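One chain, chain A, appears in both complexes that follow, with chain B as partner in the first and chain C in the second.
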Partner chain A sequence: MSEINLIIDGKECKGASGDTILQVAQKNDVYIPTLCYLKGLTPIGSCRMCVVEVEGNAKLLTSCTTPAQDGMVVNTKTQKLFNYRKQILELLFAGRNHFCMFCSQSGDCELQTLAIEHGMDSVRYPYLYHDFENDATSEDLQMDHNRCILCGRCIRVCAEKVGAHTLDLEKRGWSANIITDLGSKLGDSETCVHCGACAQVCPTGTITIRDFVYRGRRNDCDDVVESICPLCSLGCEIKGYVRTGSLTRVEGSNLEGPDGGQLCHKGRWWLPESTERERLSVPMIREGSTFREASWEEALGLAASKMKDACQKGKAGAIVSGLSTDEELSVFHSVFKDTLDLKYFDCFIGDILRGFKKGFEPFVEQGVKPFTAAHNITSSDLVLILDADPQDEVPVTASYIRVNTIINGGKLANISSATNPFKGITDVDIKVSPEKMFNVITALVKAVSENEPIEVSGVDKTALEELAGMLKEANRPVFIFGGNFASDAKAVTQATNLAIASGSIFEDGLGIVPMVRHANSLAAINTVVGEEPWIGKADIDCLYVSSTGLIPEDSQSLEAMSMARFCIIHTPYMVHPLVNMADVLIPSPAWYERSGHFCTIEGERRKLNTMVKPQLNLKGLGEIFSTLTEKMGVKLNRSEVQPCENIFNSTVPADKACQVAVEEV
Partner chain B sequence: MSKPKIATTWLEACAGCHMSFLDIDEKIVDLLAQVELTSTPITDIKEIPEVEVGVISGALGNEEEAHIARKMREKCKILIAWGDCAVFGGINCLRNFMEKDAVLQEAYTNTVSTVNPEGIIPGEELPKLLHHAIPIDHQVKVDVYVPGCPPDPETILYVFQEILQGRIPKVPVDMMRYD
Partner chain C sequence: MTPLTTESLEHLEARLEPLIDKYKGKKGITIPLLADVQKELGYIAEEAVDFLSKELDLPAAELFGVATFYAMFRLQPEGKYVIRVCRGTACHVQGSALIGEQIQRHFKVKDGETTEDGLFTLQYVACLGCCSLAPVMMVGNEVHGRLTPDKAIQVLESYRTRA
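== the complex of A and B ==
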């Protein structure tokens, strides 16, 4: 891209060919007011706030949509432009209900900020007073059309980033309005995925998130902290607004990244809610059907003696959370593997992670990275979903899939035992019972790599043939492996063979996106996930459980806790049924009080930052485990190995990956 | 030379703007050394005399209010609109989405706190409602707009001080607010 030179407001500005005037101005710190423009979304030039004068051109041009040209002389701050912009603002104020005194977004509103910036001390036009609807049907969002300025940011983010395209525009002129689906209420929408992206980008008080209004404007917050969402393995980058020790709202911050700064229904609502939950503030010991407060000394002493006895009998176990940071997983590994050498050590949903671990093992041994950054979905020409429900497992990947299919024109195929999660937009949908899944994948491998005819009894033959043809033709197919799918390690290996056969090669590894739910699953696979399943099967005398309390525990792990004779539960919250299982409760810091790293399926290590300083008298993992091991009379071995360092490394490029033989079942 | 005279009035609005004026606290003593407060809700003098500066807070919702606004305009040299109601119409405009009759019906019979079993709507006792609640500049020319709900005391004082210096001020950007 060649460099271009412009003169903006008398200043020499450099840009790249292809930039708009606005982009060049922003690169060179020249401020141009904008309203409908939002970084990362397609500019539409509808609000006219960003108009500029270009010498030699009699018209005013919208800088967000006008390509910059070498030698252009641009003026952005003339009196004429100022007057036009002020006039536009007055017309917007006269158009609908923009009375700030009873709006929850006053102070956070971009329309208000611009009006004040332009010295708008009165409105010279008569008001319309046209009564629009206030759609309050959604549990999470409120959409008051009376406050809408039709900037279309919500429409664009919903279509271009979330791929849901729930919102669009109806009618014309001053009756024009934002519409949900084909005219349904927001609460009844079949396409809305409740991600709240529309509310995040809304510049006025039109779309608001019920949970966040009146909890503190952005401007009133004590602190804004950059961190990541710890709920799933995508690790979306977030900004947390903190006020008086409470998280008042979270927003996606990666506006120009592949996710466009969206969050999912979990991140948007669960994170702020988590600061309002009842905390476990002191260690507690079970007394009959309830608990009594105990000193750290007493609680850890009891835990140590039970753990010591159980270790001697070989009946001690530990289940830790996949939402733990790399650093925490290292501590767990050093305690439970290097020091106590427990036979029973695992992660919640360990069986699924074990499936991925064992299934990928032969390829990792080849030196190949068996997965690719999740956002590569959006540059794929064919996405094949294998028994996955991305909207539930790793929700933003579902956005990637929708965007790739609807906007980028990629193909979409689904093989699942349950309902197709992308009904209506899939090119091929094949229903396969779980026991036939492996056979179907094997048949596809043979069809793609050896051109063998494809036939599996009870499965739609035409669809299989069509899919095999699509896989052969595809240049950059991406495979989505669901959690269900991964419970069979052989299927994972065979499907990886299919990826190799179809030439699913990306710069960073094979074109596979594993739906590992828990934030740090990739690191957990390398550290705490054991070789054999034992949760719910082994006879345990003393079980240590570390849970972040952020997502509900799976039923299998809960069962294991209730079966264990003594259960030490280490958690930040008084969440049920988890705490019901405890004999000793040990408080831990909540996610917003911790910091550390996560290995995300976006293919990078991302940092979780402390958002709120711990307000309780809590102890860190290191301190707790040195006391615990000391009381058990063992020396704590700290392994030097960084458990997560190998995850993103590969010694062999993906195109050198070889298929491996899998025994047919 | 006698001190310049100020008159203020409070039309369709809460008392917020006048409260904000009183919130200039001890500075009111300095101000009163320079000006004379005549007819205001604070002095409770009803008849508006000839004044240098007239101030209106509140929107215009009925004919009486419109009459007072015109009267104020006649009697003053400089007219200030105080607060969002006077400047934009403010919260009173909520009723503009309904017909006039429906507004009376709502206010005198339907509201939860009203006991009016016979459903009597006051007639001649009430000034006639205007079709819409409107900002005052739809009826009279305004010289200085001071938006805010209410405007900050500092802004109210700033406007008086500027006028005393012989200038017709505009509220500067860093003092402007709409809430």
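== the complex of A and C ==
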């Protein structure tokens, strides 16, 4: 892209051709007020705040939509523009009820900030607006249309980034308004995914998040911490607003990234809620049906003696969370593998990671990276979902899928044993029982690579043929492997064969996006995921469980805990039913009190920062385990394991991948 | 938006099928699509928008936004009698606003809406061209002039008895 030179307010500015005037100005630290413009969204130039004067052009131009041209002389701060902008603000204020003293966002409002900036102390126009509704039907969001300036940011983020397109504009003139679906209430909306992106981008107090209002304006917060969301393998970048030791607001911060700074329902609500939950503050020991407080010494002593006995009998086990940091997983590996050498060591829902690891192994041996970055979904012409529920497992990928189908016009196909997660927008939907899943994929591989006729008993034949045809035609298909599906390593291998047969080749690897709930997926695979599943099968005397308490524990692990004769639970929260299983409870710092690193399955290392300083007198993992091993009378061996070793790294391009034979089941 | 009656709902998919074939995979179809729906059903029905948005991968909110923007789209079926109340200058001077208000109160409808029994649709129009009869309204094809609010209601009630 060629470089262009502009003069903005007498300052020489450089930009790239294709930039708008606003982009060039922002790159060169020239401030132009904006309201409807938001980085990452399509500029629409509707608010007219960003107007500028270009020499040789009699009109005022909106800088957010006007392409910059080489040699342009732009003025952004003339008296004429100032008066014009002030007038726009007055019209906006006269357009609806913008009386700040009654608004929860006063002090945190872009409209108010601009009015103050322009010295707007009165409105010269009569207030002719009529009353609009305050839609309070949604549990999470409030939408007070009286505060709306119709900037359309919510509509654009919902359509372009989340892909839900729940919101749009109805009617015109004075009656123009934001609507949900077919004019229904927000709470009744069928398409809304409760991600709160509309509230994050709203410049006024129109769309607000109930949990966030009156807990501190952005400016009043003690601290703003950049970190990452620990709730799934995507690890979205977040900005946490901290006030009086509590996380009052969470926002996505990667505005210019492919996700557009969106978060999902989990990140938006679970994270701030987590600072308000009941904490486990001291070690506790079970006494009958209740717990009594105990000293660290006593609790760890009891845990050590039970663990020691169980180790001698070979009946000790440990389940740790895939949401732990690299550093914590190294400690777990040191203690349970290198020191105690436990046979039973795994992470929660380890079957998914084990399935992916084993299923991808033949391709990793070929040097091919068996998956691609999730945002590549938006450049695909066909997405095939294999027994996945992206909206529940890795919700932002669901946004990518919707955007690709609705906006980019890509095709969408679904094969699943449960209900179709994208009802209404799928082109082909095939219902398959879990036992037949492998056979269906095998038949598809044969149909795509060898043109064999496709037939699986009990499965819709025309739909299968249509899907095979779509796969053959597709240039860049993407395959979504669900968690349930991944527990079967053979199915993963066979589905990877299908990806290769369909020519699903991306720059960074094969076009596969695995749905992994573990935030620290790669490190979990490298450190704690065992070779064989044992949870729920092995006879355990003493079970150590480390949970972050952020996501509910799976039923299989809970069952294993209730079966174990003695359970040591290490968790930050009084989370049920987890604590009900405990014989000894050991408190741990919550996610917002910890720092460390997460490794996405693609090998990207991301830093989790401490949001809130620990308030309780808690011991760290290292200290707890050196005491525990000391009491057990063993020497703690420091682990050599590299949690972040990228075992899926590619050495050859994805188009070199070959299909591998899979035994029939 | 008004839901369809059960009877027409059963035939809805069959009636809209040709539209799907006509518009599938094309761009810039929102307005012609909505116009065709109105041609087929007489108005833009909620179920029709729901069905088409799923079949054509169009966001329902977008279709609704466009349907409410343009005055030519109706979200309610038209009544048996269309009441056109003249709001031109001559009629305005003779008090047509009061006549419109009285009709709104009496039949509990607003401009552009249809009464619950499906008998009347109220429309305000700019001028009917018979200013000498002001204030004037048309019911169907018949013109009624020199009205008062009470007289207008009497006239309209006579249509109800006739139906």
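Points worth noting:
As a working rule, the second predicted complex is superposed on the first by the 659 of 665 C-alpha atoms of A that agree within 3 Å, B and C clash if a C-alpha of one lies under 4 Å from a C-alpha of the other, contacts with A are read in each partner's own complex, and residues count from 1 in each chain.
By our rule, a contact is a pair of C-beta atoms (placed from the backbone, for glycine too) under 8 Å apart; a residue touches a chain by one contact, two chains touch by 3 or more.
Everything quoted here is computed from the prediction, not taken from an experiment.
Of the two partner chains placed by superposition, only chain B is touched by A:A115; chain C is not. Residue contacts after overlaying the shared chain place A:E170 against chain C, while chain B stays out of touching range. Legend: residue contacts after superposition of the two complexes on their common chain; A:T180 is shown touching chain C, with no touch to chain B. Within the superposed three-chain model, A:A16 lies out of touch with both chain B and chain C [touch as defined at top].
In the superposed model, A:C658 lies in contact with neither chain B nor chain C. In the superposition on chain A, contact of A:A418 is made with neither chain B nor chain C. When the two structures are aligned on the shared chain, A:Y127 is found in touch with chain B, with no touch to chain C.
Counting contacts by the rule stated earlier, no residue of chain A appears in both its interface with chain B and its interface with chain C. Those residues of chain A that touch chain C in the complex are listed here as 159, 165-172, 179-183, 191, 405-406, 409, 424-425. Remark: chain B residues 81, 84, 87-91, 93, 96-97, 132, 135, 137-138, 142, 145-147, 149, 170-173, 176-179 touch chain A in the complex.
Chain C makes touch with chain A in their complex at residues 1, 25, 46, 49-50, 53-54, 57-65, 68-69. Residues of chain A touching chain B in their complex: 93, 97, 99-103, 106-107, 112, 115-117, 119, 121-123, 126-127, 129, 131.
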